[in-house]
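To keep things simple, chains are lettered A, B, C, D and E as they appear, and every chain counts its residues starting from 1.
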Amino acid sequence: MFRFIVRRLLQVIPTLFGLSLLLFIWLHRLPGGPETAILGERGTPELRARIRHDMGLDEPIWVQYGKFMKRVLSGDLGTSISTKRPVTTEFLERFPGTIELTVVALIFAIGLGIPLGYLAARRRGSWIDSVTVGVGLLGICTPVFFLGYIYKQVFAVNLGWFPTTGRQDVTIDATRVTGFFVLDGILTREWDASIDAFMHLVLPALTLASIPLAVVMRITRASVLEVMQEDFVRTAESKGLTRKVIRGRHIMRNAMLPVATTIGLLTGSLLSGAVLTETVFAFSGVGSFIVEAIDRRDYPVLMGFIMLFALVYVLINLIVDVSYTFIDPRVRVR
Amino acid sequence: GCAESDRADDSSSSSSDKTLVFGVAGDAKALDPALTSDGESFRVTRQIYETLVRPEEGGAKIVPGLADKFEPDSSGLKWTFTLKKGVKFQDGEAFNAAAVCYNFDRWYKSTGLMQNPDVTYYWQTIMGGYEKNESADLGQSLFKSCKAEGDDKAIIETTKVTSKFPSALALPSFSIASPKALQQYNANQVTGSADDIKYPPYAMEHPVGTGPFKFVKWDTANKTVTLERNDTYWGDKAKLKTLIFKTISDLNARKQALRNNEIQGYDLVAPADVAALKSEGFNVLTRPAFNVLYMAINQSGPAKAALSNVKVRQAIAHAINRDAIVKAKYPEGSTVATQFQPPGLDGYNDGVTKYEYSTDKAKALLAEAGVSNLTLKFWYPTEVTRPYMPDPKGIQELITADLQKAGITVQLTPAKWSPDYLNGVQANADHDIHLLGWTGDYGDAYNFLGTFFDHQTPEWGFTNQALFDAFAAADKEADAQKRFGMYKDLNKQIMDYLPGVPVAHGPPSLVVAKNVSGIKPSPLTDERFVNAEVK
Amino acid sequence: MTASLSKDSTGEPTEAPLVEVKDLKVHFPITRGVIFDKVIGFVKAVDGVDLSIPRGKTYGLVGESGCGKSTLGRAILQLTPSTGGTVTFDGTPITSLGPGKLREMRRRMQMIFQDPLSSLDPRQNVESILVEGLAAHGIGANRDERRKRVAETLDAVGLPRWALSRYPHEFSGGQRQRIGIARALVLGPDLIVADEPVSALDVSIQAQVINLLEDLQDQLNLTYLVIAHDLAVVRHIADVVGVMYLGALVEEASSDDLYVQPLHPYTRALMSAVPVPDPDVEDQRERILLAGDLPSPANPPRGCRFHTRCPWAQPTKCVDERPVLRVITGTSDTHRVACHWAEDIQSGVLQPHDVRAELVKPASDGEISIPEVLDPTAFDPHF
Amino acid sequence: MALLEVSDLSVVFARKGERPVTAVDGVSFSVDAGEVVGLVGESGCGKSVTSLAIMRLLPPRGVRIGGKAEFDGMNLLELPQSAMRDIRGRDVAMIFQDPLSSLNPVVPIGIQVIEVLERHRGMKGEAARREAASLLDRVGIPDPNRRLKEYPHQLSGGMRQRALIAMAVACAPRLLIADEPTTALDVTIQAQILELLKELVRDSGTALLMITHDLGVVAGLCETINVLYAGRVVETAPRRVLFGEHRHPYTVGLLKSIPRLDSPRGERLIPITGSMRDVLPWPEGCAFTPRCFNVVDACVGEPPELRHTGAHAYRCVNPVAEKEVAAK
Amino acid sequence: MTLVGRKKERIERLGELAGAPEERGRSLWQEALRRVRRSPAALIGAGILLLFVLIALIGPFFVPYSPTDPIGINSGEVASGRGIIPGPSAEHWLGYDHQGRDEFSRMVVGARQTLWVGVVATIFGLAIGSLIGGVAGASFALGGKWGKRLDGFLMRVVDIFLALPSLLLAVTVAAILGPSLLTVMIAVGTISVPIFARLLRGSMLAQANSDYVLASTALGVKRNKIATSHLMPNSLAPVFVQGTLTLATAIIEAAALSFLGLGNPDSAAPEWGVMLADAQPYLDIRIGLALYPAFGIIVTALGFTLLGEAMREALDPKLRK
């Protein structure tokens, strides 16, 4: 197991290296550079040229890459061109929000998707089945901006249940410990801050969860259908076990295996899905920051964030793989 | 959503406890106005700092600010600023001529990264250089020296006469900061390298000025900047206790947040929403249109042969139904632009040549010019709205339809506003026509006309030495009235030469809740919250 | 049968065996490592097998599941590369042949598989299945010639002509196995390795296939290596039977000799375990029940591999010395056995004793690797 | 009254939009207490469906079940689900063919045994664990305490089947249904398992319904044997009668088409022609007709009745003469 | 008549009863198609798609107005900048869009480009993905040590793409190629490349150990031939099913790109995704502008999904009997 983890981590290195090279060349080949973004409508060719020169953007790409790598290897991800704050600071500040959002979205997706998927499988062909398919499709096909708009209009503006923007009420003077607002509130016993932060998470998380929810639902449905056909379920029935035991221990425990891998995969897509959700809900996370960084050609931020994204993605999948060996004793990691 | 409203209701009858949350489209970049040039940073620092001169509230005309009086000597090079008395910085330091000069010297003596155009943009564009220039591209500084004469007189000498001085001193970048705070928080220590600029703590956490609000905190994790009433303010104290700027970049999100009473106002209202918001009882505050949208015609682009012929440019101008565009895509109060500067700004010329909508005329002019099968590469920005351009794509589609009616083939190139689009139309020549505009920085026509036409640029692609010389002359004219006359001539000259087609002046709006009053919309987006009240 | 398919049908089988296997070994490496894989052990699926198959005869191979029968069969055809030893086919040492030469050689040695369905490409119709081999070896100058040959083969295995345009899933199990046999036959091979040709088939159909194999052998003078775990089937079909245990032969004898006089304890146990559909026989027979299961070939017992389950195992020799195949006195010289105590067991000097079953960790069946799930919607329309 | 009395059991799979399939068609047989009864036939003849119908384990939808299956006087087919759950595993237990797929791969063997004890014997905690260990010991699994914690894939095939048997006999059921319990196993292991089953039946007096396609397996085990073809019983007899004096051509086929270890080498096998696909629907005559070597006109038209001669019954209009059997 | 003769005759008759052999055999695909045809879900899906294709093909010839002509603006009825966009009326069944164009005509004409973008993007992703996945799978399965290395390399590359946020992937592709309709298709297709690649490879590896591959090797068939005529065809089913499902999302991804300014430069040309994106500022004024295209997309996606799922079930080897 340990070897497996080490091995997988070591395997990440060339991937990250390749990714960084690819990204670097790619980003620097994009038309327009940070100088245009910095100057906006007010840029004159002379000013642009000066900034480019000052920033070393007119040097050969490998020289730039060499400098970049040198800095990265010394542990410095650089400073954001647009906010003038270290990329790591930005990351530490914004990532917790995205994680909170992603986690809550995952909880929604799993918490709703699995029971619904199970129900759909159990009542295969019934109206429940059709409804879940429909709802899933709706979630997949409706653009985030539209879904977010509707949620906000209904649950916030009309019903007044939830706030629509931000991570926390601006008037709450909460103490920041970890950057995870919900957690911070709990740690400092500022319960109202914690609850308020959670309320701020509900709508964006619902929006973000729409696709994973559909996926989890579908995978669960398919997987439950498959497991229900398995011989061991018949064996369990033949032992006269109660429905509950059969459902929990025999059907769901097995049906969860493919769902688990999917969740790993989904986390990656959730991270990139967060991009638009965060914008729509003015939620301060890495997602919206990346969008801005693309606009601003903020190379250090883009490089740093995407590499970290990739790393997180890889780590999550590693965790899923490792946890697999706990969920499914048959799995031998190699 | 109700949390805020509860809180607002809870607060006692005294209006001085009230909080106003104002939605803005982007984060501030830094809170040292000398180091920033963007509107969102300025919006915040305008509440914290003040400048020697400032635009009148709700207008663009220059009126006294921290200086009660400002006068040039006969040469026009030496200006005496008589300062307000009894003003204190928010840290308790006294505001006086020494402080003013300290600030000017700080800017003037910038070294290293402080000379980076990204850092001290406005100093550089207005003043042109520093005490010791570190780049060959920089010129001689307009600013020569600042001397304190007693506590209340600051004498500022310039190296030449220019239209910019002193009106440009109204720019927030020339805000006067507390020298003590500047020193204490190492305001000048911009570190790192050009591609890795790090700002000092002053710019991020410790801004201290003389304004009606003082800085409390900048919560980057929740995207808010919180300000508080400055109780030692020299003028009428702010009515709000707390003023919070909350970043909500998405347009619909701002609107919904307002409806949900999470914010009590926001800027950049989409014109399309104005009517709806008004009918819902919100106060829509419309600014005077201090901007212009134009369709530039590039004379060194792919179709340069045709476009360098003024007849062809005229044909294009005639082909476009600007009336329809303004009616369909602009809010109430918008006007069709006849020239490249907004009306109401000195220099506006009612007598410029106008190019009315006439497809036939356009066709005739094209025929006259001997141009057939004209194909134009039309750039338009996507995913952006600007105060002068509420729906670029929609406007483009209307223009395209018009041009096609006149027999012109249009080859469309969409691009993301930043940096692709700006880069494409401002730094490269691969465009024939494109949409762009300008919102004035300060109240002088040169800020419009000169910015566009006082030298050759890839955006317009023409060289017209006579025109350039005329601009240089106007800029040097010390007598304002004379200068305005020259601007009028310039406007006429430009519209005859027709480097592009001015399209519209659209008044941008901001909106506040029904119970909010005391905010006066400003053409320069210089809205002051000092008198804002929440009922 | 037509001449094109039959070979040498008149000639007597020549003396030299068609296949000679010498000390054949197939070891599958078990690898582990952090960055680079290191071999930390071997699954000794086949571990030193000698055998020879005379022309026109059938060699039967029996043994428990996992003892290496299939691996041996494949190694003989060099479908699985061998780790050591040699296989000589009709005088050619195929273990040292280059890939091109080996490919050409395949025309003469063919294989029939256990599961008829999974060994047929579900997307190929029968014609395409049969023509594929012909095309690969450039047999038949044109389409018509190939068709003719294919048609003849169909006749030979008793499939109707209309089968040509059909797909495997449209046939019954027995017919599918006939297709598999036809595929092997159509090239006109000398040797056919049949890996459990009937064990996946229905009871009633097994007989059809066994009869067919026998008929074809008679007509075409084929040489068979028949692999099966069912001793009754092997004894029925084979001239010579080899009993395999954990990667090695433990006994080899002519079919009748083996039945009449099984010498190895394992053979005896195997034989006593085969049920006979006759109540009288069943009621009377004495059973030698083996304890436990086949040990793992990755970690075979030292000495005699059978000693952990052998009711006659002795504290000496069995544990530390690996017995070799040998002829023992008093039996036919084609009857070879790998047991230290064969004589004593035969004579009754040694009597069976109880054996405690040992824990056996099964080879990796049932283990799975981390599955890869990819869902279409796992990427997001960001919008 | 027999312990299990199956009469006129029929199972029809009728899915929407598909032709209904009659898998079991009027099957009757009985199992007395302590008796070992065999159900024999080739693949697809309805053996498993019969046993699943008795256990009420067929899918609830798309299946029509008719007839009766009386266990101890109760008609299992009409029992409410909850009552059936009580009976399953306690009074009637079942063993399946593939021991690997019949065990839950992600639950340790121990828990899978213990859950039966918890459900039906109300045992808990340490007591249940100890009982489970002793059950494993009883079915011949060495080192049972360790095995309790292991997962199915860590056991060999034979051990897995033993574990399944342990679960089945955990409550000392009165009837054990074994659906091809040895088909997936090697002969040496098959012999072990059969021996184990015999022992269990002998020691506990449990009745056993043994389902297999291998006549060899039933020869030494079952007292009564039912031969099934295309969903109907075609021949029933005590084992010595069945092996000695069978009358149905299908039974002949089953016996003659398999090589016997003790038959002389080279003896030609007599295959049953065709395959299970060539089945005539019963209402149109004898289903075996298309594959039968002994066809007469009367085979087609009317379905043949089950003819009884004492304990021996067969369903054939042209049975094989007893002497003919001997000759074959 | 002899007993044997009678028997033969009977068996022939019985053969008829049991279903006599037909003229031609049915391939698995045909068999699957037959099953698909029987599934009501598939029929509904196919019905929807047929309707959709029909609209796309002939709709443009029957629309009442030009989909690009800003009639409403020219007549002064529409002033979206002032919040005036008239809704459905007798002349304009779905009202005007924000540019004063007839929304109904745009919906009808928009079907074509919507379908076109989705189909081409999916085919692009499928083709490139299958190429990479096919090469990787085949070299792993048949290529020995070096094959495994090539496979490892290709999969690492695919991993990189999978780890990249797909938005960035699409945006960069589009930015490099410059905005055009083709760019959208390629960019959207690129997003699904890694997915198709992994899918095909996984599917091929699953086939690689099957007996029929071994059988072909035993026949002496060359490795390339085995890969192309056995491994690939047998692994494609899940890839195709995936394709139908990807079609639905491709339409939406394409709209997202247009939204970012990387789409069809001719922004006036109607396309559902673009229409949906364009409606964003006017949700308050006329939510219909978003609802109509959203409905179109969802129904189309439903069609593809139903058909895809039915195909998946039909091709499932477990149900193949």
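Just a few scattered comments:
Everything that follows uses one rule, which is that contacts are C-beta pairs under 8 Å (C-beta built on N, C-alpha and C of every residue); 3 or more make two chains touch, one makes a residue touch a chain.
These numbers come from a predicted model, not from an experiment.
Among the remaining chains, the Cα-based centre furthest from that of chain D is the centre of B. For chain pairs A-D and A-B, the one joined by more C-beta pairs in contact is A-B. The centroid of the Cα atoms in chain B and the matching centroid in chain E are 48 Å apart.
Separating the centre of chain B from that of chain C, both taken as means of CA atoms, is a distance of 86 Å. Averaged C-alpha coordinates give centres for chain C and chain D that are 31 Å from one another. Counting partners per residue, chain E has 166-167, 175, 249, 252, 255-256, 259, 277, 280, 283 as the residues that reach two or more other chains. With touch defined as above, residues shared between interfaces to two or more other chains in chain B number as follows: 252, 416-417, 420. Each of the following residues of chain A touches two or more other chains: 30-31, 140-141, 143, 145, 149, 257, 269, 272, 275, 328, 330.
Across the interface of their complex, chain A is touched by residues 1-4, 7, 19, 21, 23, 27, 29-30, 37-38, 116-118, 121, 125, 135, 137, 192, 194-199, 203-204, 220-224, 226, 242, 244, 246-250, 252-254, 256-257, 259-260, 262-263, 416-420, 422-424, 426-427, 436-438, 451, 457-458 of chain B. Across the complex, chain A meets chain D through its residues 230-232, 234-242, 245, 249-250, 253-254, 257, 327-330.
By the touch rule above, chain A contacts chain E in their complex via residues 14-15, 18-19, 22-23, 26-27, 29-31, 133-134, 137-138, 140-143, 145-146, 149, 268-269, 271-272, 275, 290, 294, 302, 306, 309-310, 313-314. Listing the residues of chain C that touch chain E in their complex gives 74, 77, 79, 103-107, 110-111, 113-115, 118-126, 132-133, 136-137, 160, 162, 165-167, 169-170, 180, 183, 187, 372, 374, 376-383. On chain E, the positions that touch chain B within their shared complex are 68-70, 73-74, 76, 78-84, 98-100, 175, 178-179, 259-263, 265-268, 278, 280-285.
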